[in-house]
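Chain nomenclature is as follows: A, B, C and D, assigned in order of appearance, with residue numbering initiated at 1 for each chain independently.
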Amino acid sequence: MAAIDYDLELRRAGAHATGGWRRVLFLAQRHVLGAAGLIIMTVFVFTAIFADFIARYDPLTIDSARALARPSWAHWMGTDSFGRDVFSRIIHGARISLAVGIGSTALGGTIGVIVGLTSGYLSGWVDLVFQRVSDVLQALPLLVLALIMTAALGPSLPNVIIAIAIPLIPTVSRVIRANTLALRELPFVEAAKSIGMSEVRIALRHVLPNTLAPLIVLATAQLGSTILTEASLSFLGLGIPEPYPSWGRMLSESAAEYVRTAPWLVIFPGIAISLAVFGANLFGDALRDILDPRQRG
Amino acid sequence: MADKSDLVLDVRNLQTVFFTNSGLFRAVDDVSFTVKRGETLAIVGESGCGKSVTALSLMRLVPDPPGRIVGGSISLEGTDLLALDEAEMRAVRGNRISMIFQEPMTSLNPVMRIGDQIVEAVRLHRKLSSKEAGDVAVEMLRLVRIPEPARRAREYPHQLSGGMRQRAMIAMALACRPALLIADEPTTALDVTIQAQILALILDLQKELGTGLVLITHDLGVVAQTAQRVIVMYAGRKVEEASVEALFAAPKHPYTRGLMASIPVVPTPGIAAPARLNEIPGTVPSLVRLPRGCAFAPRCKLAIKRCEAEYPPLADWGGGHLAACWRAEEVAEVA
Amino acid sequence: MFAYLVRRLFLMLVTLFGISIVIFLLLRIVPGNIVDILFAAAGYVDPADKANLEKELGIDQPLIVQYWHWISGFVRGDFGYSYVSEKPALQEILPRIPITARLAGLALLFSASIGIPLGVISAVNQGTRLDYTLRVISLSGLSLPSFWLGLLILTASVAMFGQMPIFNPNPQTWLEAFATYAVPAAAVGFRSAALTMRITRSSMLEVLRQDYIRTARAKGASDAAVNYRHALKNAILPVITVIGIEAAFLIGGLIVTETVFNIPGVARFLVEAIRWRDYPIVQNLVMLIAVVVVVANFTVDMLYAVFDPRIRYTD
Amino acid sequence: MRSVWALAAMAALSVLTASTATLAGEPKQGGVLRMYHRDSPANASILEGATYSVNVPFMGVFNNLVIYDQHIAQNSPDTLRPELAESWSWSGDNRKLTFKLRQGVKWHDGKPFTSADVKCSFDLLMGKSQQKLRQNPRKAWYSEVNEITTNGDFEVSFDLKRPQPSLLAMLASGYTPVYPCHVSPADMRTHPIGTGPFKFVEFKANESIKLTRNPDYWKKGLPHLDGIEYTIIPNRSTAILAFVAGKFDMTFPTHITIPLLKDIKSQAPNATCVVEPTNVSTNIIVNSSSAPFDNIDIRRAMAMALDRKAFVDILFEGQADIGGTMLPPPQGIWGMPKDKLETIPGYGPNLNANREEAKKLMQKAGYGPDKHLAVKVSTRNIAEYRDPAVILIDQLKSIYIDGELDVVETANWFPKVARKDYMLGLNLTGNSVDDPDQSFYENYSCGSERNYTNYCNKEIEKLFDVQSQETDIAKRKPLVWEIDKKLQEDVARPIIFHARAGTCWQPYVKGVTIMSNSSYNGFRYEDVWLDK
């Protein structure tokens, strides 16, 4: 029998990292991809928050003398046809993407949780109605729904957030409902009921916290796709209006015309979107592995 | 000791560990035992004592990572299983050594017909046409006393009751007439009425086929009914080994004594005693931070200073009755 | 079984009814109608002309009347006339369906034929470098905006071959037909292939932990036999569900891809119709899509029964 | 009756000489011209359309009474040519315009063309006929026409309320085809029947438009092409890629922006590209009926703050024109000369001085560095509208105005403008013919439907009528300049620039001329041919 390096094997299993930083460090090593995702997300959030300090130019200022400048030391990612600094626009664009991503995920998530909890907890006709409504929402293609919603509401940041959030609701509420249904039968809920806790209190104190893990997993998974949906809407001309530097808008049809004469206009925003979504997805995956033991692989 | 050629299984100093994020987990620690042709060896202990890992170690099915067999030898019909490569081991598994699992509900592939699952087991080790193998499968189902075996063979697991499924599992395990059958709590998940039938079936077939049997259970009643010899495991170690009669007559380890405490009378073989294990005060110690001395000492009424300082060696207390306790001789008296 | 089918059918009808209400109302909430657009194109608004036109098209009637008029027609298969082209809506919609259907079918095929094997490979090699590589590729598939990818593909193909795969409505050869659809299908399919791969992987990992896998190993089955004969067959179920759901989501990807590759399918047509407020087209098309989605979901449930002998609908 | 038969005959001759002159080599017969189309027109009826998306593909289906010479880039009264009319003449008091019609012309469905068809068409346009156009955007063109009378099958007269020499210009526009009496306006929307060189085959919305050669075309030997096929590609980058990849013989006319021209030149160096003014002006519509732009000082300040050159530099790399309402020379016939233009506030060369003055005006109105004026700039959700609006907002920053872009969907744009639910709007005005009557009456006369700002100045209106009746071009021009200058000074609808755009075609495409002062009139394509 080959000699076994117990220390090595144990380190690999994470036995040395039982708490605090060492545990975090270990998890980062264990989930290299997730750690990379977290770093990307952190950079992304950091960029969004400190955009004003990071950006080297005002993202909205037009300068005809500098239109369509190639990437250079002065303009790291070149300038667009208005002479606006692409790097600064991407930095500020992080804000919009983050606002849309977090805003619509939070909005859709919150409503989804309320609907899911109510639906799963009350069951009966409330459940039936909610179920049918979410059937309806899910049978409509997400982008079509968002398209009509933005057309109805008009293109602005809050409206885009709402338009993207609505199709999220059934997705979230289904998960929460399923979890609620399962949790309702569990002994601790029965126990709470037997000592006369009110239904609402049980739902909020006992059921909700226990659905948190799948909710977080779902939310991070959705974060990326909301950013992509916003980009698609902007591409189709219905997202955040000019002059705000939304990444999707930067990539929209008119920018795409410059794909060969000024490829930096197309490449950098595309990379920004892909990277942010990629980061969110990597992080979401790792989070799922850590938080959702059933899925742990 | 019996004639060497009579030995089906000879396990020596088996050590299986798990590398976990809370540390090294010695699931099986220096365990040795033998099984003779046609003999039934029972391994008993509370859950988590390492008996199931022992069984999986015999099959070399300990999931790696995190588990690993790190020491000892497992000799099956004279072949050291631990020295085989994976392909050679596959040729042995299901062929010379088979296993029945605890959960008949989940241990059969839900999307394969019963017959096909047995056919697969047969054809992995015997050069038979699928038709011939199909005949063997039906034959095996008949052997395990499943009515209308030909029809049942075409059914899916969910169409069978729990007892039927366990019979099918047994049919599958015995399809290649293995030298050794490991049954890991084969009746735990079944209705009480079915338990006895399944147990009887296993014993019948064992007799018929001359198979060695390792029966893993926590049910001393089952042990009394079926086994010739018993191993008691605690915290990954073998703490006592004896013939069934000797053990029940006079246990030499306080843990065994504790296990028996719930049983009102010492049962005689052949009489069903549906007794369950009694709760022993305290909990099974963490296998990661085992005390230096006897692992049972914290729960033991007979514990003395020495128990905590020094691990008691397995000593022969007469007639092959092994026990690891400093006060083995006093155990029987302390009721 | 029969009772179950009746119940399912009833629920499907309820869902479709709900969709019809939602789409009908949404369209009326959207400000502006076809008449506004026509006048926008003409650069002026004449209130009298506008009122006449609205009357002619029947959009001056009470909502309930309009709804009844539409839905009763839809049920009878009478889709009315497109406001824009003034041709029968059905005649506008039908010829575009096969185009999108082919594109979607090819994308799904692409997604399944690449996503499932890679997912299995990734799962059985869990934790290895190969697994990591495949996961990164699959995640990037979920991260790249499909219109961006399409644009880059188009640009690259013009730059490298001086050619571009632009839609050819009347392909002469089989190869031409394939070329017409393959590239855009790949651009859409990349995302769903990535999704399929992820689901396959996690489903496989889940299945590989099951007791019956251990049983199969205990029989002496090889890794390949365990992975493919035992695990994959069980793991495929959630994958089917996801492919079924993805078929509905595919529409979104198709809209942008049909735009980038200029494919005259229903997806882009739908967006144009929304832009024109062409109610007969939008309403009927959305309903048709909804019917497809609902039927697809139903089919997936039925497929479950085929693939999983445990499931027999008796509810 | 002052006869112009001779003139008409000369003109007819010059058509021949002009076309032979422009077409190098012997035209080859056959081939299908493949073009892409920038969007899907609402329908195929030119009389109901108001965008060249309809004109370009369907002009070839029809003929006019008269038409601008298709091979002289600058449309002018001198380039009018007979078409379905063999000749025309004005009565002595210039109040009756009589056309002698061509005989033996057949509609695509075989029915003969007669004067009744002409009367039908113009009665339809004037709203006098039984059948109605669903939309009639150019009704105002015929406001001075009393009635149309026929004299036999081949003579038709326009009876005017007052002299209007510009009527001929409007009749020569691509927007003024003659429709058949026997086809309903509804059918003309879906399946147009004309007398032109190409027959309509099919129009699949968002997909394609197909025309085929009219073998019985009354001009013998024409058209050269077997047909024209338009593939509709709304996405400009896809369309250009396809052109570069050789999928199309020609781009959609005047669809290539100046920055993209470089791209095409580098990718397809053999392609012929022509840049011409489109006679589409980008302007600002100002809501002067409510605060803050009811204040003339603020209106003036805004007009003075405009850096027109910056717009032109950014959007056109310098290649666009600055002028008043009328397209500036040399391509424009009626535009003000440069020295006159620069006397208008805001057009002067010294931008800083202008802006200083604008700031003073703003301060007078109560705004300053500490008190900015918040303004919404509404515009349509189309790049051609959005992009200048973004620049406008940036420029207004310099005079204490904080602009916010309000992007409006096409469907909501005109209702919004009509409701006066805007402060500033960025707007594009296309002039289908380079003619003062068309431009002034349509955009600035009281009560005109396209006078979005409801600018109404009775004095100027009188001047409109004066210039309109002037038959001598040399005398008419200064009148037009004076009106134009006044309109700019009133900040009625400040003109920012006149756009230019490019058209490209493969080297083997022959006989295409892009008009230099209109983008609505040059698509008959009867003598376009493919040299391959």
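Please note the rule applied: contacts are C-beta pairs under 8 Å (C-beta built on N, C-alpha and C of every residue); 3 or more make two chains touch, one makes a residue touch a chain.
The structure presented is a predicted model; accordingly, all values stated were derived computationally and were not measured.
Q: Which one chain sits nearest the middle, judging by mean Cα positions?
A: Smallest offset from the overall C-alpha mean is found for C.
Q: Need the CA-centroid distance for the pair chain A / chain C, whole Å please.
A: About 22 Å separates the centre of chain A from that of chain C.
Q: How many angstrom lie between the CA centroids of chain C and chain D, rounded to a whole number?
A: A distance of 42 Å separates the two centres.
Q: Quick check: how many Å separate the C-alpha centres of chain B and chain C?
A: 53
Q: Where does chain A touch two or more other chains at once, residue-wise?
A: 151, 154, 256, 259-260, in rising order.
Q: Could you check chain D for residues that touch two or more other chains and list them?
A: Residue numbers touching two or more other chains: 235, 237, 267, 409.
Q: Show the residues in chain C shared as contacts by 2 or more other chains, in ascending order.
A: Only 30-31, 151, 155, 259, 275 qualify.
Q: Among all the chains shown, which pairs meet the touch rule set out at the top?
A: Every pair of chains in contact is listed here: A-B, A-C, A-D, B-C, C-D.
Q: Note which residues of chain C are touching chain A in the complex, please.
A: Checking each residue of chain C against chain A gives 11, 14-16, 18-19, 22-23, 26-27, 29-31, 123, 126, 132, 135-136, 139-140, 142-148, 151-152, 155, 159, 201-202, 205-206, 245, 248-249, 251-252, 255-256, 259, 270-271, 274-275, 286, 289-290, 293-294, 297.
Q: Under the touch definition given earlier, write down the residues of chain C that touch chain B in their complex.
A: 210-212, 214-222, 225, 229-230, 233-234, 307-310
Q: Taking the complex as given, what residues does chain D use to touch chain C?
A: Per the touch definition, chain D meets chain C at residues 40-43, 48-51, 132, 134-137, 186, 189-190, 203-208, 231-235, 237-239, 241-242, 244-247, 267, 409-415, 418, 449-450.
Q: Which residues of chain C touch chain D in their complex?
A: Touch residues, chain C against chain D: 30-33, 36-46, 49, 52-53, 56, 82, 84-87, 92, 151, 154-155, 158, 162-164, 166, 169, 259-262, 264, 268-269, 272, 275-277.
Q: For chain A, which residues are in contact with chain C within the complex?
A: So the residues of chain A in touch with chain C come to 32-33, 132-133, 135-144, 147-149, 151-152, 154, 224-225, 228-229, 231-232, 235-236, 248, 251, 256, 259-260, 266, 270, 273-275, 277-278, 281-282, 285, 294-295, 297.
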